[in-house]
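The structures considered in this document are given below.
Both complexes below contain chain A, partnered by chain B and then by chain C.
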Partner chain A sequence: MQDANQLSGDLEFQRGIGQQGSSPHEVPSLPVGQWLRKNLFSNWGNSLLTLLGSFLALLALRGVLNFVFSENREWDAVRTNLRALMTLSYPESQYIRVWVSLGFVAGLAGLSAGLWANWGGVSVKRLSTWLMGSGGLLAVCVIVREPSVILGSDGKVVRTVDGSPQRESFLDAMVDRSSWWIAAAVLLALGTLLWGRFTSPDRRGVEVSVTSVVFVSLGLALLSLWVAPYGHYAFISETKSYVAESGRTVAFSTKLPWTVMLALLCGFFYLGRILRRSDYAGIIKGASNLLWLISPLTLFWVVLRDPALDYGHVMSTDLPMGLAFGFLGGAVLWSLTRPGVGEAGRLVATMLLGFAIFNWVAAFFGWYPMLQKARISFLLLAIAALLAPNFIGEIAKRRQLVLSWLGVTALVHYLATMINTPSTVELQSSEFLGGLGLTLFVALIVVLLSFPLGVLLALGRTSKFPIFRMLSTSYIEVIRGVPLISVLIFFSVMVPLFLPDGMELAELAAVLTGYTLFSAAYLAENVRGGLQSITKGQYEAADAIGLTAAQRTGFIVLPQALTVSIPQLVGQVISTFKETSLLAIIGLFDFLRVANSVIPAQSEFLGVKREGILLVAMIYFFFNFTISKYSQRLERRVGLGER
Partner chain B sequence: MASSAPQSIHHERPPLYRDVTVVKWVVQVVALLLTIGALWFLAKQAGDNLRASNVPTDYDFLSVNPGIDLSSGIDTDPDTGGRALWVGMVNTLRMAIAGIFVATIIGVLVGLARLSNNWLLRKLGTVFVETLRNVPLLVQILFYGAIFASLDRVSMDVGPINGWLHISNKGLSMPRVHIADGFYQWMIVIGIGLFAANFLRKRRIAQQDLSGEETYPILSAFGLIVVIGILGWFVHPIFGFVGNIFNSLSSVVSAIPEGVLQIVLALLSVALSGYWIRGFLNSRRTPAGLAKLTDDDYFRMIFAGTGGVVGAVFFLFLWPGLSSWMINSGTDLFEVLSNKFGNGRSGRPIDVALPDVVQVGKFPNYGPSGLNFSIGFAAVFFGVVFYTAAFIAEIVRGGILAVPKGQTEAASALGLRRSTALRRVVIPQAARVMLPPLGNQYLNLTKNTSLAIAVGYSDIVQVGQTVYNQTGKTLPVVSIWMFFYLSCSLSISVIVNFFNVRMRIVER
Partner chain C sequence: MSIDDATTVANDRLADREDMIVCVDVDKFYGDFQALKGVTATIKEGEVAVVCGPSGSGKSTWIRCINRLEVHQGGDIVVDGIELTNDLRNIEKIRSEVGMVFQQFNLFPHLTVLDNITLAPIWVRKKPRAEAEAMARSLLDRVGIPEQAEKFPGQLSGGQQQRVAIARSLAMEPRVMLFDEPTSALDPEMIKEVLDVMKELARSGITMMVVTHEMGFAREVADRIMFMEGGEIVEVGTPEHFFTNPTEDRTKLFLSQIL
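Now for the complex of A and B:
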C-alpha cells in the first residue's frame, strides 16, 4: 500500500538520466579504456569508491552463491513441493483444469499484448551489451563461488578432523564448472559478435522488437525443460509421495503444458497483431477487456471448481429467474429511456434504489427470505435505472442500454448460480485452492473491487458536500493510520461477531472484504492526487456545455484524473500484490505459508524453510519487477512527466 | 416595459424535491444517518453476540494477570494485561525509532550512490533498491528469521569478537553502554557546555560576518563541548547540591491543596482554548479587516471553544482524582530527581558492560549485562530497515533530481565549493520535496513493525493477540491497537508538518 510513490520516483529518474539512457544509439560509444576512466576512475576518490564497491559487490555475490549452492541447501524440498507451492492440495487428477485456466490467461494475455501495446524495439547494441554483461557476470560468479565439497563414495560429505567439510582445490573446482564456463563464453561471444556487426555507423540504429526478444528467451527457457537434466519428480499415488529421479529431464506432464502455454501466448499475440488492423478492432478490444474483468471470477469459481449443476433446479428456478430479470428489467429500462419520460423516470429509479437497499437491510434482519441473486439484480437494476437518463433518445442508444443490461444479467446470474453450486472436485483438505493460485486470486479480486470503491471515496473526499467529505476523509485517514495486519485480523476474527444469527461468511470472503476496504483507502488517496491536478477550467467548460454533474465527472474529470495517476495506481497494484503475503499470518494457505509452514512440517524436509522462502521471494520479485518496468513504459507512452 | 422586466426574470422557486440546496442537504443527512445507523447496528449486533457467548466487552483484563510470557521487552513476565500491552507498545516504539534512524542513514547513502558519477556505485544502488522494494517485507522478515534461527548454538566461544560481539541462534549481543552513578550531574555540565558553545558559535559567526575571515563557528563550538565534557567527567560531583533543591521543591509540591489545583486546571483549559481562538482569529486578520471565515474555520473555533469548556467541566467535577494524582506524582518526581542528583554520587557518568552467556535451567542464553537483540527483533529490524531504506533512497534521489540544474551551476558560479553548494543550496531545496514522502515512509515503517507477529517478537500486535487468545477480549484489544497506531500516525504527521512549515519557502 505504502509505496505508491515508488513509481513517481522512477519517473524522475527517467527525466534525470534521460539524456544518457533513453537513446543509446545516438551517443557515440567510447572505447573501453576511456569508458572505464570516465565512469569508474575519473579521480582518486572515485577509484577508491570503485575498489570499495567492487569488493563489497564481490563479497555479496560470493555470499549469495555460497548460500544457494551450499551443500546444506535442500532444494529437493522446493522441487518436490512445486505443485503444493502453486496450488496446494488441488487434486492431481483434475490438474487439467489448472492448465486450462492458465492457457486461457496466456492466450488472453497474448491477444491483449498484440491488440494494444506498441512494444517498440530494443537496439541490437543494447542487446549485445546485455549478452556480454550476463556472460561476464556468469564468469565472475563461477570464479567467486567457493569450491564445492567432496562427496565420498557413500554419497556423504567428506569431513576433515575438526568436522568442517573438505573442499576441492580451486583449480579442480574451475575444471568441474567447465559447462558454466562454456555458457559464459557462448554469451560473451554472441554479444561480441552482435556488437561487432551492428556498431558500424550505418547500422547503428538497428532494432529488434521487444516481443521477439521476450518470446525467444521464453522459448529457450522452455527448450531447456526438454533437454536439460533438471531431475524428474514423479508422484506415486499408492504411497502418496514424490520420488526424485535426478539426471532426467522434467516430467512430460510439466513440460508439455508449458510448451502449449507459450504456443498460445505467441499464437494469440500474432492473432492480435492481425486483428488490430481489421475493421472490428474496436469490438475485439472491448471484448478482451471484458474478458479480463470476468475471467478471474469465472476461472476460479467455474473452471477450477467444476460445479455440479442440478439441472432440475436450474430449469425450475435459476433460468426463469434470470430470464425474468433480464426481460422485465429490460422492459423497464426501455420505457425509462422513452423520450419525454421526464420526472417519472427519476421517481421510478429512486424508488427502485430504495427498494434494493431495503432488500439488503431486510436480509440483515431476516425479515423475509430472498435469493441473494435477486437482491444483487435489484441493486444493479436500480443503478441502471439511475443511469438511464443518459440513454434517452434514439433507438440505437436505448437498444445499447437494454442489450448491456441483458448481458450483465446473464453474466451475474450465471456466476451466482455457479458459485452457489457445490464443487465436484474432491478436495484433500478444507482449503479449496492455496499457494500461488490463492495469492493471485486474492490480489486480482482486491484490485478489481477496491478500484470503484477507491474512486468513490476519492470523489467523496474532494466533493463540495461537507458531510460526504467528512465521512470519506475520516474513513480514509483511520484506515491509513492502522497497519494492514490489524485490519485483516479484525476481519478474520471479528466479522462473525458483527453478523446477525444465521448469516455466515467464509473466512476467505471476510478477509477479501477487509483487504478491499483497506486497499480502497490507499487507492482513494492516489486518485485524489489526480483529481486535484484537474484545473478549474475543465469543470467550468463542462458546466458551460451543459453537462450534468455525473456526466462531468464521468466524461471529463475522471478520465483525466485517472490518466495522471497511472504511476501511483500501478504502484498501488504492486503493493497490493506484495501485501497478499500477509494472508500467511492470518491462517490462509498462500504460497508463503506453504513455504514457511507446510514444507518445514513434512517429515522428509523437517525445518527446511529458507529454500522455499527464497523461491517465494523470487516469484514476487519477478511479478513486481515486470509490472513496474511495464508501467514505466506505459508512462513514457502516455507522455506523463512531459507536461 | 420597465416595470415588467423584473417579472420576466423572476424565478419560480422549484418544487422541494428539485431544489438543489434542499436535495443536497437531505441526501447528506440521510447518508450520515445511514452510516451512523449501520455502525450502531453492527455495534449492537457485536454486543449481543458477545453477551450470548459470555464474553462481555470490558477492559477488566487490563488489571488482571494474563499469565503470559513475552519474548523480549522491558518486562518479560508482566503481572497485568495492561502492563503486557504497555511492554508491547514500548517494543514497537523502540523498533520504530531505531528503525527510522538507521533506515534514514542507509537510505540517504544509497540514494546518493544512485546519483554518483561512479557507474559501479550507481548499479549497486539500483540493484539494492529494485531487489528490496519488489520483494514483500514479510517474505524478507521470514527469510532473515530463518537465517538467524539456523546460526550456531549460543556460547561464549562463538561470536565474531569473543566477549564483545556475539551472533548466535539466540540473537545478537554486544556491549551495553549504560548510565552510571554520576550521569545526571554530568548532564548539568554538558548543558552548561551546550549553552556556552551556542554562545561561542554566535559570536564566531558575527565575527566572520564582520571580518570576512573563516572562523570555523561549528567546529569551535563542537570543540568547546568536548573540552567541557571531559572537564565535567572529573568535576561533576560539585553539582551535588542540585539534589537538595529538588528535595525542597518536592515538599513545596506536596503542600499544594487539591482544590486549588483543580480550579487552576479548569481555568487553564478555558484560557488555552480562548487563547487559541484569539490566535486563530488574529491569523485570519488582514490589513483590510477580518477575512471571510469558511465553514471549516467556524467549525474549528466551535470545536476549540467546546473543547475548552468540556475540559474545564471535566477537571472540576468529573475527574477529581487527577489533581491528587498530579500532586502525588509531582512529589514523587522531584523526590526521584533529588535522589538522582543526590550528594555522594561521585562515580563515572557512563559505564560499559560486556555481554555474557548464562545458563538458566537447561539452555544457555545471553545474560542481562550485554545489549541483546533477540532473533525476532533482529529479523524485523533488518527487514523494516532495508525495506524502508530502499524507498527512502528513491525519495532522496527524486528530491535531489528535482532541484533545477541551474541552482548548482549558479552556486559554482558564485565560487561555492561542491560540498558547500550541496549543504547550502541543493539539500535545503531538495528537503522541501523530500519531507512529505519521507514522513509517509516513517509512518509506514512504524506500521510495518506489526509484521513482528510472524517471527514472534513481542510488539503490540503480537502481545495483543496473545492477550485476546487468553481472555477472549478481541474487541477491546483491537480498539487499543487502533488507538495506539492512530496516535503514532498523528504524532509523526505533526512532527513532519512542523518541519514542513519551517522549511516552506517564505512567500510575500
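Now for the complex of A and C:
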C-alpha cells in the first residue's frame, strides 16, 4: 500500500470520485458481428471450442428444463407446502407474529438502506442488455425443452406400444408455448428499444439508480401476485387435506402481507433517505445499528415465541436481580473511573474477572448453585471494569460508561428472562419455528454476534500483550481443529448437562452459542489477514499524532483491515448461511430438512423429494448470489478511497 | 570537536532560549547492534536543527526516539521539560506536543485529506468539528493545496501528500516538528514544493529537527547542522562552519561525496 503511495507520484494521477460508472476512457463497443469474430471465432480451434461449449451448455439446459417440466414432477408438493418450507409448523392462528417480525425486519432493512446505501446507478444500456439477454435465454429455453407428453381424455399420459410416453410434434409444442414466445418477444423488443435509444454517444452514460431498478422489480413481482394465476394451494391442518386450485391468484393471506412488507421496505427506505440529511443522522444511524443487534433475538424469543411470563417470579427474582446488578455494578464502575484511581482500579477489575471465571468453573463442578444470569452478569461486569480505565476523566465520560452498563444489563437480563420462560405457542415439533425462517434467523444471529467476537479475537491474536495473544491463539486453534458438527452436538447435548439444577437453556440458544463461537474463530483469522496488511507506517503515524491505542485501532487499523478482508468476510457469511443445514443433525428442522424429510413423509406426497430440494437449492443460490454481488459492489466502492 | 562546544557554536539568536529537546548519552540497541552510541545534544526553542549523515548512521533512529516510536535503552531524553519514560501518559503528552513527518508520508488512505488532518484535533485535542475543519482548511491553504481537501490521499501526487502530512502534524499545534527524510521518497520536481513549505515553517519560529540530505535546505534555514556517523554525533556547527570549514575528516569525506 505504501509503495503504491510512492509510485503514484505524478500529477496526472487523478481518479474521479463520484463519477464511477461513466468512465471517461470507455472502450468503444464493437458491432455484434465483429465482437463475435474477435472473441469467439478468431481461428479454427477457437470456433470449434465455441461450438462445443455452446452445445454442452444447451445440453445441460435441456436436461434441467426437461427435469423441471417433466410430467413426473409433482410440483403440488412444493406449492402446498410453501408455508411449511418457510416456517414449518408455526401455528396458523398465531401467524400474525411471523408477519410482524418480518415487517419489522423489512422496515429496518429499508431504513438502513436509506441511511447508508449508496448503490449508485446502472446504465440504461446495460439494463437493455440484461433485458435482451433474458429474452434470448427464454426463447432458447422454449426451443430446447422437449415437447410435452400428450394427455388422453382421461387425463392420463398417452403411451406408445412399447410403453414410452407419446409426445406432441415439435411444431405443436411451439404453438402450445405461444405465451412463452410472447414473453420472450416482449423482453427482446423492450431491450432492443432501449438499446437503440441509448447507444448514441451523448446518451450512453444515462443511468437509472439501482434502488429504482430493485424497487420496480420487486413491485412487478408483487403485482404479479395480485394478477397472475399462480393458483391457490394450501394445507388445511384441521382436516389434514390440501387444496390445489389452479387458475386463480394466490391466497389473500399471502398477497396482502407481502404487499405490506414491500410498502414498509419502500416507505422506510425513503424515510431513511430524508433522515440521512437531517441533523440527527448520526444518532439515527447508531440506533439502527443497535436495533440490528438486538432485534433478531427479541423478535425470535419474544415476538415469535410469546413467552408466558410468571410475574410472581419476575417480581421476586428477575427484577430485583437486574436492578441490583445494574445499580451496584454501576456504582462499582463509577468509582473505578474516578480520576486518580490508579493501580487499585486495575486490581479490582482483575479480581472481578477472577471471580467471574471462578463462577463458571464452579458451575462446571457443581460446587454451589447460582443463576446463570448472575454468572453472565459478573463476567460482563468484569469486562466493563477492565474497560473502565478508558473512561477515567470528566463526569460526562464516566456517565457514558455507567449508562452503557445500565443499558447492557437491562437488555441481557430482559433477554435471559424471556429465553428461559416457556413459550405459549403450541409446539408441533421440538422447536417452534423451522424452515427458511429458522435458517435465516440462525444465519443472521451467528453472523451478527460472531462479527464483534471475531474482531476482538483477531485483535487479541495480534496484540502485543502475550496473555491476550496466547488466549486468542489457543482459542482459535482449538475451535478450528474441531468440526462444526461436533461443536453443535457438544452444545446441544453436553452443555445442558453442565448446567446446575433448575437451570434450563433452550436448546436453540445453546446451539446458537456454539455456532457463534465456532464462526468467530474463522472470522478472526480472516480479520487477522486484513490486520497484517496494515503497514507499520500507519501505526506510527497514528501514534505520532497522539491517538490512543483504542483510537488507533478504531479509526485507522480496523477500517482498513476490514476493507481488505471484505472478500473473505463475505465468503464466511455465505458459508455460515449454507452450513446452517447442519442443524438438521441435532434435530432442528431447517429449510433443507423440511424439503428432504418433512414433505416426503406426508401421505399425499409420499417420497416426493426432488422438487423440494431443487427449490431449496434455488433459494439458497438466490440469497448467496445476492450477497456475493453486493459484496463485489461494496469492494469496488470502498476500494476507491484507497491507494 | 567535542559535544560541549556544540551549543557555543549555535546561533546567537538562540542563546537565551529555553531547552526544547535535551538528549543525554542516549543509547539504542537492535539486538547486538548499537544504533546510537551516547548521543548528547540540546535543541533550543525555535531552533532549526538539521541532522545529516550517511545512511545507517542512526539519524532516523535518533529522531524516532524523540517521540518514542523507538525506545532508547540508555541515557535520558527530555522534551519540553517532560522526561520520556515508560509512563504512558508522558508518552501521549509528548506525542501531542511533537509533530512528525515521515519519509513515506503515512497518510491514512481510507480518510479524505480533511479527515486526515482533523482526526487528531477532534479526538485528542477534543476540538469541535467545525473549528477543527476551519483550521484544517487554513492549514491546507498554508501548504498551498486548499483545493484538495475532499480528495483521498491516493488521488494526490507525492509532493501533495507530503504537504498534507505536514498539515496533519501542524493541526495538533505542536511545539516541535520532527522531519524524518521528508523528501527522500519524492520525485525531483516535487522536492521543491515540500522544501518551500518547510522553509516557511522554519521562518515561523517553530522548533524543527530535520533529518535530510538536502544540503541546500540546510545551508539556507538551519541554525545548526549535526553530522552523524556510526551512531554518534561527529560534528556540530552553523551552516557556515559546516560547509566552509569542517574540522572532522569524516565530515569532509561526507561533504565531498554529497556536494
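As a working rule, the second predicted complex is superposed on the first by the 509 of 643 C-alpha atoms of A that agree within 3 Å, B and C clash if a C-alpha of one lies under 4 Å from a C-alpha of the other, contacts with A are read in each partner's own complex, and residues count from 1 in each chain.
In this section, a contact is a pair of C-beta atoms (placed from the backbone, for glycine too) under 8 Å apart; a residue touches a chain by one contact, two chains touch by 3 or more.
This structure is a prediction, so every number in the text was calculated from the model and none was measured.
In the superposition on chain A, contact is made by A:Gln560 with chain C only, not with chain B. By the touch criterion defined above, A:Ser178 lies against neither chain B nor chain C after alignment on the C-alpha atoms of chain A.
In the overlay built on the shared chain, the residue A:Gln372 is in contact with neither chain B nor chain C. In the overlay built on the shared chain, the residue A:Ser212 is in contact with neither chain B nor chain C.
Of the two partner chains placed by the overlay, only chain B lies in contact with A:Val493; chain C stays clear of it. Taking chain A as the reference chain, the count of touched residues is higher for B when chain B and chain C are set side by side. In the superposed model, A:Ser54 lies in contact with chain B only, and not with chain C. In the superposed pair of complexes, A:Gly546 makes contact with chain C only, with no contact to chain B. Using the contact criterion defined above for the overlaid structures, shared-chain residue A:Ser581 touches chain B, although it does not reach chain C.
Comparing which residues of chain A touch chain B with which touch chain C, the overlap comprises 2, 5-6, 8-10, 13, 15.
Considering their complex, residues 2-3, 5-6, 8-10, 12-13, 15-16, 39-40, 42, 46, 49-50, 53-54, 56-57, 364, 465-468, 471, 478, 480-486, 489-490, 493-494, 496-500, 574, 578-579, 581-582, 584-585, 592, 596, 609-610, 613-614, 616-617, 620-621, 624-625, 628 of chain A touch chain B. Remark: chain A residues 1-2, 4-6, 8-11, 13-15, 17, 535, 537-538, 540-548, 551, 555-556, 559-560, 563, 638, 640-643 touch chain C in the complex. Only residues 24, 27-29, 31-32, 35, 41-42, 45-46, 49-50, 116-121, 124, 130-131, 133-140, 142-143, 146-147, 150, 295, 391, 394-395, 397-398, 401-402, 437, 440-441, 443-444, 447-448, 450-451, 453-454, 461, 465, 474-475, 478, 481-482, 485-486, 488-490 of chain B touch chain A when the two sit together in their complex. Within the complex formed with chain A, the chain C residues making contact are 67, 69, 92, 95-96, 98-100, 102, 104-112, 119-120, 123-124, 150-159, 161, 165, 168-169, 172, 185-187, 190.
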